[in-house]
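Below are the structure tokens for one structure; questions will follow.
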Amino acid sequence: MEALAAARPRGRRWRDVFERPGVLASVLISPAVVFVLVLVGGPLILAIGLSFTNATSGELHGKWVGLANFRNEWSNPSFQHAVWHTFQFTFISQAIVLVGAGLLAHALSKNFRGKWFLRFLILLPWAAPLALSLMAWKWMFDTSYSIFNWTLVHLNLVDKVDPPQYLAESKLAIGSVIAVHAWRILPFALVIFLAGLASIPKEVDDAAAIDGATGFRKFWSVTLPLQLPIATVALLFGIVFTATDMAVVYILTQGGPPPSFSTEMVTTWAYKTGIESGSLGPGAAISLFLLPVLAVVTILMLLFARKAEVS
Amino acid sequence: MESFGRALREKGLAYLIVGPFAIVLAFPFYVMFITAFKNQTEFYNPEVTPYWFGKDSPTWANATFLFENTQYPRWLANTAIVGLCVVAITLVLALPAGYALARLAGRVGQSLGVGIFLTYLVPPTLLFIPLFWVITQVNLQNSIWSLVLVYPSFTVPFSTWLLMGFFKTIPKELEDAALVDGASRIKTLTRVVFPISLPGILTVVIFSFSLVVNEFVYAFTFISPSENKMVSTGVYTDLIRGDLPEWGAIMVAALIPSIPLALLYNMFLDRFIAGFTGGAFR
Amino acid sequence: MASSDDPSRREGRYDRRELIRRAGVGAASVGFAPSFYGPLRFKDRWLKGDLSLITWAHFVPAFDVWLDKTWAVQWGQKNDVDVKVDHILNTLLTARSQAEAAAKNGHDIFFNLSPQPQFEDDVINHNEIVQEVTRKVGKIGRIAHKASYNPRTKKYFGFSDNFVPDPVIWRHDLWNGIGLSPNTWDSVRKAAPKLKAIGHPIGIGQSAELDSNMALCSFLMCFGVFIQDEKHRVTIKSKRAVEALKFMADIYQRGETDEIFGWDPAGNNNFVYSGKGSMIFNAISATRTPEDRGLPFANDLWIWPIPRGPYGRMGYQHVMGSWWIWKFANNKAAAKKFLADLEINYQDAFMASKFYNFPSFPGAMSFSRIRKAVATDRHRPIGKYGVLTTIAQKYTTNPGHPGYANAAFGEMFNKFIIPKMFAQVSQKKMTAQEAVNAADREIKAIYRKWRALKKI
């Protein structure tokens, strides 16, 4: 924009300025940074401010209470459980996604009949509007109409009156929620991996072939190390998107089922406290709890990714 | 002979891996399809198999209901418009930023890159209230342009990262060659780098568009009137009435954007893989 | 609850002649009510402008059509106001209201299915509207009063136009087969295992959702357990509570299935629609849908009041329609008049909602009129909807009874502490006493917080 306009030749002096990497860099980066800072930074600072107050509905400010909100929630068993569930939810679903997408990407790098169609099927969860595909899952898990139970009952494997309840039994509920979340993230991770695989220069491929490295050996000593940086970033994004996401749990279980509330996450708990009950201050505090944890995870993983980068 | 056996084994292995995944990932869409065209009385009858139609199905009744009783076509249009605008803005902001971070920035750039990324650590369920205030200040409430304004805030950071990674894979030699030939940095950017970054651009298009289609919290907070809603919020808020979702109509509504989008993404995938492997590295 | 049998002066639907006639009557009556608007403010031009409302997507689509295309349009024409009505799914109303309250910008009139005491400082004083409607049709009903009035500040923080009585819906054919009926909780407890044995268990939800909250709190009241008292002190810890928990746990263990822990508001409905469920706690959406969809047992679904417990028969309303006008609303005068007129003419709303919406001001449509109307419903058994008036009159009270609805009660509700308490005992994760103690601790903490904020 501004940069390109100024770049029209107007004399050596202007152009020289933009030849300096630093200046050009800041000019290229600043629109993005400014935009994001204004739209996210401002509200973020406000939210941080809110978490130190006892603000309730209708106000974006309140009386200063220092760390009281954080302390209260920290000692609240519901919050503690929510934290643990969030860890479970995030790491298990991302492990599934990592392994699944990695395998798929490798398998899809070859050519075979029907590949295009199969890939289309795999991309569907990602293409569908999330709220609507979750309604489909809700129906598939329905306590009365679940297609899974219909099948199991007709195969005489479960009792018709008391079949498994995917959203009503503690362990099944968290399992279902994890499975659905992995289902929706997998195509997204797959595409990132495919990009990574495709960016491996052909020379490396050829070199590996000459060396006789094929199949698993090739995967382990060539593909994997080259994929590591991008896999790390994919995993990182997966973790962040999962830990801060509420849609799957909200639509499928609303944080239930009682009494364990095994699918209550930090995000849903923050929502119930802050939005539905109107305790904005404590709600903000709960939401912010994830921030330092995820920040640390982010920085660690990025450092790892940088190290793993093969120049 | 041996390589033929190996090729066969590899192909077989590929089917063995890809097949089950494809079935699991696409199965809900099969359920959607059946539900979308099933007579709603049959739908509630547990005797009728959920895997196929009963004697009163398939029927167009659900699709008719959707198109006659809601503003579904407008929702599709709104989503498309917002999607395209957001993709455009994202590219304008993220392409230069991604390039800068990949090539020019050095240590400050690295920290900045991480900084941009940290914006994802805050859930939208916390930000939507102050953001709604911002929207009302610029008088964009109830308008789809409020979303065009806000969505890049989460498509840009991710796209910047994608492009940064992508630009790093382009050999520096290409640009150095252009620079040696006397082109300015800016010219190098526009004449050499951006054209061969088409695969990266396509990736950003897909990712940003999918983020737009799936977003819910801001879409439903900023926009109340039915005619301005997006697909996900419109269907979810207008077709679920208290304790009665209109299942048939909802499933029709879910299928209509999914299939074309999946086809589109698939085509883009081909293009950008071809771009990677058939492009500048030979 | 005062049920004034003010014979309603208006009947029938609006057609053009009627409209003009009413405009005349309206103008005349307006001249007699200067204390409401003040003589100067009654010129038409003061009302010119816009009015925006947001409300839920009503379970009965015809009601929304009536509200948007008939009532709002005609009222708008008569009062020279352009009325716009938006609808969203009810579960999302709260989030949107929070955003509007914080941004001080949004719709003029907001709606939710329960009163929102936490917004008291952001809304106008609705006393005027209540007074005007009282003048025209009689006093506000007791439960609407308790639900939308703050005795401390003497302010109506919301205007309730309707509530929905909460009956039990049960399969007469199945219960008949075992020779029982859900008249008392004792008979329910006896029937449950027998019904489960024939493959048709009952379902009283213990899930993280609204229906379960209502059902279980009502169940507690039948056993003499109240979550708060008139002074809004937490009173859940009691011997009776322990008894009630054990009672319900017994019903679950011998007569229900696990699905009752995983429902959402549509869950218990599906339980009935699949033909499996033999009794649920739900508003009449559970009978209307089988009628509309032609499900085979629609005529076997009976509607009864909540079963009687040792301390009586009492339940909460299923939902209570509550409107409020933000302080930042642009057109407060029109907003007030809109709500007042809506309630005064609530007959039309009642009929349009297929008997779902009962007026909060009983005088707006007297029970005798309601009974006449429901008698015209042709679904079997004939007159089945008549019991709703009995429930509304005798067996319904406001959430928070005997106290008023308040933000602390609301938070306890939103966190599903009561279903959690019941589930812990039903699933044998805690003894009844432990569960009561735990719930008591949790609820008291919430009340402490809101009391410190001076909101109770």
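Residue numbering begins at 1 within each chain, and the chains themselves are lettered A, B and C in the order written.
In this text, a residue touches a chain if its C-beta (ideal position, glycine included) is under 8 Å from a C-beta of that chain, and two chains touch if they have at least 3 such contacts.
As the structure is a computational prediction, the values presented were derived from the model and not from experiment.
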item: Co-neighbours of chain C and chain A - touch as defined; value: B
item: Most widely separated chain from chain B, with each centre as the mean of CA atoms; value: C
item: Most extensive contact between chains (C-beta pair count); value: A-B
item: Separation of mean Cα positions, chain C and chain B [Å, integer]; value: 40
item: Distance from chain B to chain A - Cα centre to Cα centre, in angstrom; value: 14
item: Shared interface positions of chain A, touching two or more other chains; value: 60, 144-145, 275, 280
item: Of all residues in chain B, the ones touching two or more other chains; value: 44, 46, 129-130, 133, 236, 245
item: Interface hub residues of chain C, defined as touching at least two other chains; value: 95, 98, 102, 273-274, 276
item: Contact footprint of chain A on chain B as seen in their complex; value: 6, 10-11, 13-15, 17-19, 21-26, 28-29, 31-32, 35, 44, 46, 49-51, 92-94, 96-97, 99-101, 103-106, 109, 112, 114-127, 129-131, 133-134, 149-150, 152-154, 156-158, 160-162, 165-166, 169, 184-187, 190, 199, 203, 206-207, 210, 213-214, 216, 231-233, 235-236, 245, 247, 250-251, 253-254, 257-259, 261-266, 269-270, 272-273, 276-277, 281-282
item: Residue ranges of chain A touching chain B (in the complex, touch as defined); value: 1, 3-4, 7, 15, 18-19, 21-22, 24-29, 31-33, 35-36, 39-44, 46-47, 60, 100, 103-104, 107-108, 110, 112, 115-116, 118-133, 135-137, 139-140, 144-145, 147, 150, 183, 186-188, 191, 194-195, 198-199, 201-203, 214-215, 229-230, 233, 237, 240-241, 244-247, 267, 270-271, 274-275, 280, 283-284, 287-288, 290-291, 294-295, 298-299, 302
item: Residues of chain A defined as touching chain C within the complex; value: 54, 56-60, 76, 78, 138, 142-145, 160-162, 165-169, 173, 253-261, 272-273, 275-280
item: Touching residues (chain side chain C, partner chain A) in the complex; value: 94-95, 97-98, 101-102, 116, 118-119, 121-122, 196, 199, 201, 206-209, 257-264, 267, 270-271, 273-274, 276-277, 407, 410-411, 414-416, 419-424, 427, 429-430, 442, 445, 449, 452-453, 455
item: Touch list for chain C against partner chain B, complex; value: 54, 56-61, 84, 86-90, 92, 95-96, 98-100, 102-107, 211, 265-266, 269, 273-276, 282, 285, 289, 293-295
